[in-house]
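First subunit A sits with subunit B, and in the next complex the same chain sits with subunit C.
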Partner chain A sequence: MNNKYKIIILGITVVIIFVLFLRVLNSNKTYQPNQMIGKKIPEFILEDLFNKNTRLDSKVFSDKDFAVLNIWASWCIPCRIEHPFLMDFRDKNQINIIGLNYKDESVNAKNFLKKYGNPYSLIGVDKKGEVAIQLGAYGVPETYVLKKGKIIFKHIGPLNEDAVNKILELKK
Partner chain B sequence: MGGYIGNLALFFSLIFNVFLIFSLVKGIRSNNFKNLRTINFFNNSIFLLLLISFLTLIYCFIVSDFSNVAVYQNSHTTKPLIYKISGAWGNHEGSMVLFILILSLFSFVFFRTKVSEKLRVYTVFFQSILILIFLIFLILTSNPFDQMDPRPSQGLGLNPILQDPLLAIHPPFLYFGYVGFSLVFSFALAGLVTNNFDKSWSKIANFWIILPWSLLTIGIGLGSFWAYYELGWGGYWFWDPVENASLMPWLAATALIHSNIVTLKKDTLHSWTALLSIFTFIMSLLGTFLVRSGVLNSVHAFANDPYRGVYILSAILFITFFSLAIFIIKSPKKVLYGKYSFFLRDNFILINNCFLIFFLSVVLVGTVYPIILDAISGKSISVGPIYYHTILAPFLFVFLFFMSHGPLLSWNKEDKFLQIKNFKIFFLISIMISSVIIFWFFDYKDIILILGLFFSAYLITSVIFDWFSQKKLSLNFGRLVSHLGFGTLIFAIFINAYLSKEINAAMKVGDEIKIQDFIIKFKSINKIKKENYEEVFGNFLVTNKDKQVELTPSIRKYDQPIQFTSETSIKTNFIVDYYFAINLSEFEKDKIMVRFYYKPLMFWIWLSILLIAFGGIYQTFKLRNE
Partner chain C sequence: MKKFIFIVIFLILSSNVFSANEELKNKIYKNIRCIVCQGQSIYESNSDFAIDLKKLISKKLDNGENEKQIYEFLISRYGDWIVFNPGLNFNSLALWLLPLIVFMIGGFLIFRLNNKKRK
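Let's look at the complex of A and B:
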């Protein structure tokens, strides 16, 4: 066989392997957490970050027609990118965002909000990350949209223009 | 401050690497290599800069500089010093720095050897391309010196299961092995491009293949040993994708060592040796991809950057494509086969090379196929030990047979008669050994067990025979030790697999249970508080016939992060391990789940792995002195 053909075959093989593994990489992001879509939010009660006497009870979501839950942590770099979006989102749309502080030190979390602003109306402290796992979270940051306690949408990674528009559409 | 220096060093090493590539291209084009000193300067500087960068990262971990994200996520002020240090390479970012540092170390050392200028320049050229690719990856997607503001007051801590002295040194060994194969990869490409792929190439390559191979053997052994006593499941090899990732380059490299010997002795198999040199490093890269991209542990890959996987995949396929394309265009065409005859050493080596590649394919399919199937069809299949054992065992026996006779054959002269004589001796001795063992210890006769014991005894006999029939002066000590180690390894694995016993039960203090030949008594329980964990010990007495063993397994509760680990208690001797682990029971609150294992010949498994590695290390020292 001519070398040219061999190299073409090699090239095609490499491309096929690339496409296959690209699917592997992408699939891992979507299939695991999707299981929670359409389901009721798992039950939990968490302490609030700023006020030890306030509790974040998952029942809160059942009463609300529309709620946004955002998982974040002070150590997470993408959260920092997301933060201005969240601030902007709350200011423009008058939507209460509930925060879930994932595997974080309270001091660090408070400093973070002091510096960059606090978009959350209530922040549950999920120190061990157990609630995030129950929610089927893949990483931080992650944003959930709930209707009457049911998860109807989730966005993995920092919020962007598209995700914000989608959330607003769901609100209508 | 430390992070700042490290970052700067990393950045400058990238710039210097670009300069290095330019000066290498200049040297290659002018064809007289007048700028060797410039090349040497850049090559050394890159190594130095990367070393500084790595040391500053370790420094950041030691002083607990939590403004550094990697330190924050993987360390804690209360950690013992050794785990602060090992934390530097126990995470993704740090381990990638180590990866690049080793690439550069090999390039640094190789350029100082006495190999011809042309080959050195070309080899360092390919090596610096690799460094460039991974440096860009590191700086763009996983910079270990990312800063956080405001600075957190405390870190998240290192996973307790990773807080183990063995695991502190296991990754460096594994990496020296994995990444060490990069040099023979670059050297093979250099040999191909300059049409220098011949006997003299093999002579130099020998050292650079056996060295990383030995280190990888130790690395795999350490990982296996860690899994044995830390995970608490009584096993030492789980055919887990991460373990397989390290086994695949090992198999490829083992094939390479042998085909390279044929190239060296008989000046044949050039293409095959070249291909294996390339392929071994590609297997290392595949392992890196599987472990580092988040493909495998996707569920726990929190805060994982999705671009990381895509970049590393593209990089690896880029390297694969270009190295194989070079191979296709430049593969050595000369064929110097003499008359073919079956009973020649190179023929036996070639046969076993085929087997090794077959073993490799089995592991490759078992590791990658479920991942791909899951992504494409959403179906999950589990590929477990049964798959590997069923497919590998029958071929392993044939492999052992050829391995026994290969070293006794001549390279050039066929002597069937002598082999038949040898065969008779080995056959008689090993049939005696294996039948004695089978009738003495086993109530049932399993054909796979019989064959396993027979062929491993066959190999051991042949090695001992070989040892005493060789002339003292030309004794190939390295090979003998490694082969002997492989024989005893297979022997111990078979005995262990068939004679191991396992007992599971829920017990409370004072309980006594009697299962099989064992009586287990739960004597007492006591608590200890340590610096960064609390530990609950159970005190057990195991009676086996007239032998009594006391074991004290424990459960640890770590503070940072809060996590429970089960610490095993193992009483070991040359013959058998008594292995005990306990867990908290979820269903019966007043009881503790106990797991007891009776594991024969574990000591011999570890010793065999050491022998295999020792043979390789001995050989590298010998080659270095030559």
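Let's look at the complex of A and C:
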């Protein structure tokens, strides 16, 4: 092979490798599990925070065309940042938000909602955090959007303007 | 005396079973990545996430699930990233085969270069 072509091929190879490395370097390093997207919500039955006789059954999501599941806890500081967003979100958009109270003390959770308002139509108590693992969550707050029981979107961390807009787009 | 021997044998056997179970637990813990930590396994981590996973794995083992089933469950929830050794699958095929291919191409080039020099 001609030396000129060899140099061109070598140059192209170096550029491709450089671009690949640059892309990896600039990519988001925080791992965000999205394995559950497109899957059906795992089956669970949880006690309701306010009424011990009421249960949050995962089947409730299959009956709803559109639902939002928010994992939260009173001890979680980012949840406090998120809370006004949730209140506003529910009031303005009439969206059904179901809460999953994660590894919390019932008294603290109730006080939290008394102080900041309750955006949830139903709240399941996940005392051991096992349902959160079933959902593929790894912390609080996390928000799942479901259509007929299927997870179609997931947001890790407190909800923000962008996430809310994305959820509203999905509702259309 | 018979009773005493029976108790001793029972204790030895149960301690063996217990230690085998603990070994398996630790083996699994060491292969599960704590995804909220920096490069730690859940065995090394005391984060809430790691503690919850350890409890769940222990419960699943007690319920009779095996190592493979536990990995499958965790991968279905968190993806391949959750295990340190995901094994050979379609997604990691390139990762496993690429070094071998590069090695073979390198070997072939060296062989050709040597042949040319001899000629």
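Note that in this section the second predicted complex is superposed on the first by the 140 of 172 C-alpha atoms of A that agree within 3 Å, B and C clash if a C-alpha of one lies under 4 Å from a C-alpha of the other, contacts with A are read in each partner's own complex, and residues count from 1 in each chain.
Going forward, a residue touches a chain if its C-beta (ideal position, glycine included) is under 8 Å from a C-beta of that chain, and two chains touch if they have at least 3 such contacts.
This structure is a prediction, so every number in the text was calculated from the model and none was measured.
Enquirer: Give one of first, second, both or neither to describe whether A:36 is in contact with subunit B, with subunit C, with both, or with none.
Expert: Touch status of A:36: second partner only.
Enquirer: Regarding the shared-chain residue A:128, is it in contact with subunit B (first), subunit C (second), both, or neither?
Expert: Touch partners of A:128: subunit B and subunit C.
Enquirer: Once the structures are superposed on A, label A:139 by its partner contacts, choosing first (subunit B), second (subunit C), both or neither.
Expert: A:139: touches subunit B and subunit C.
Enquirer: Count the residues of subunit A touched by subunit B and by subunit C, then name the partner with the higher count.
Expert: Higher number of touched subunit A residues: B.
Enquirer: Classify the contacts of A:103 with the two partner chains as first (subunit B alone), second (subunit C alone), both, or neither.
Expert: The answer is both, since A:103 touches subunit B and subunit C.
Enquirer: Touch check for A:11: first (subunit B), second (subunit C), both, or neither?
Expert: first
Enquirer: Pick out the shared contact residues on subunit A: the ones touching subunit B in one complex and subunit C in the other.
Expert: 31, 103, 128-129, 138-139
Enquirer: In the complex, go through subunit A and note every residue touching subunit B.
Expert: Within the complex, subunit A touches subunit B at residues 3, 6-7, 10-11, 14, 17-18, 20-29, 31-32, 73-78, 103, 105, 107-108, 111-112, 115, 128-129, 138-140, 157.
Enquirer: Provide the residue numbers of subunit A that touch subunit C in the complex, in ascending order.
Expert: My answer: residues 31, 33-36, 103, 128-130, 132-136, 138-139.
Enquirer: Give the list of subunit B residues in touch with subunit A in this complex.
Expert: Spelled out, the residues of subunit B in touch with subunit A are 69, 72-73, 146, 148-150, 152-154, 156, 289, 293-295, 298-299, 301-304, 306, 309-310, 313-314, 317, 320-321, 324-325, 328-329, 371-372, 374-376, 378, 561-562.
Enquirer: Name, in rising order, each residue of subunit C that touches subunit A in their complex.
Expert: 35-36, 48-49, 52-53, 55-56, 75-79, 81-82
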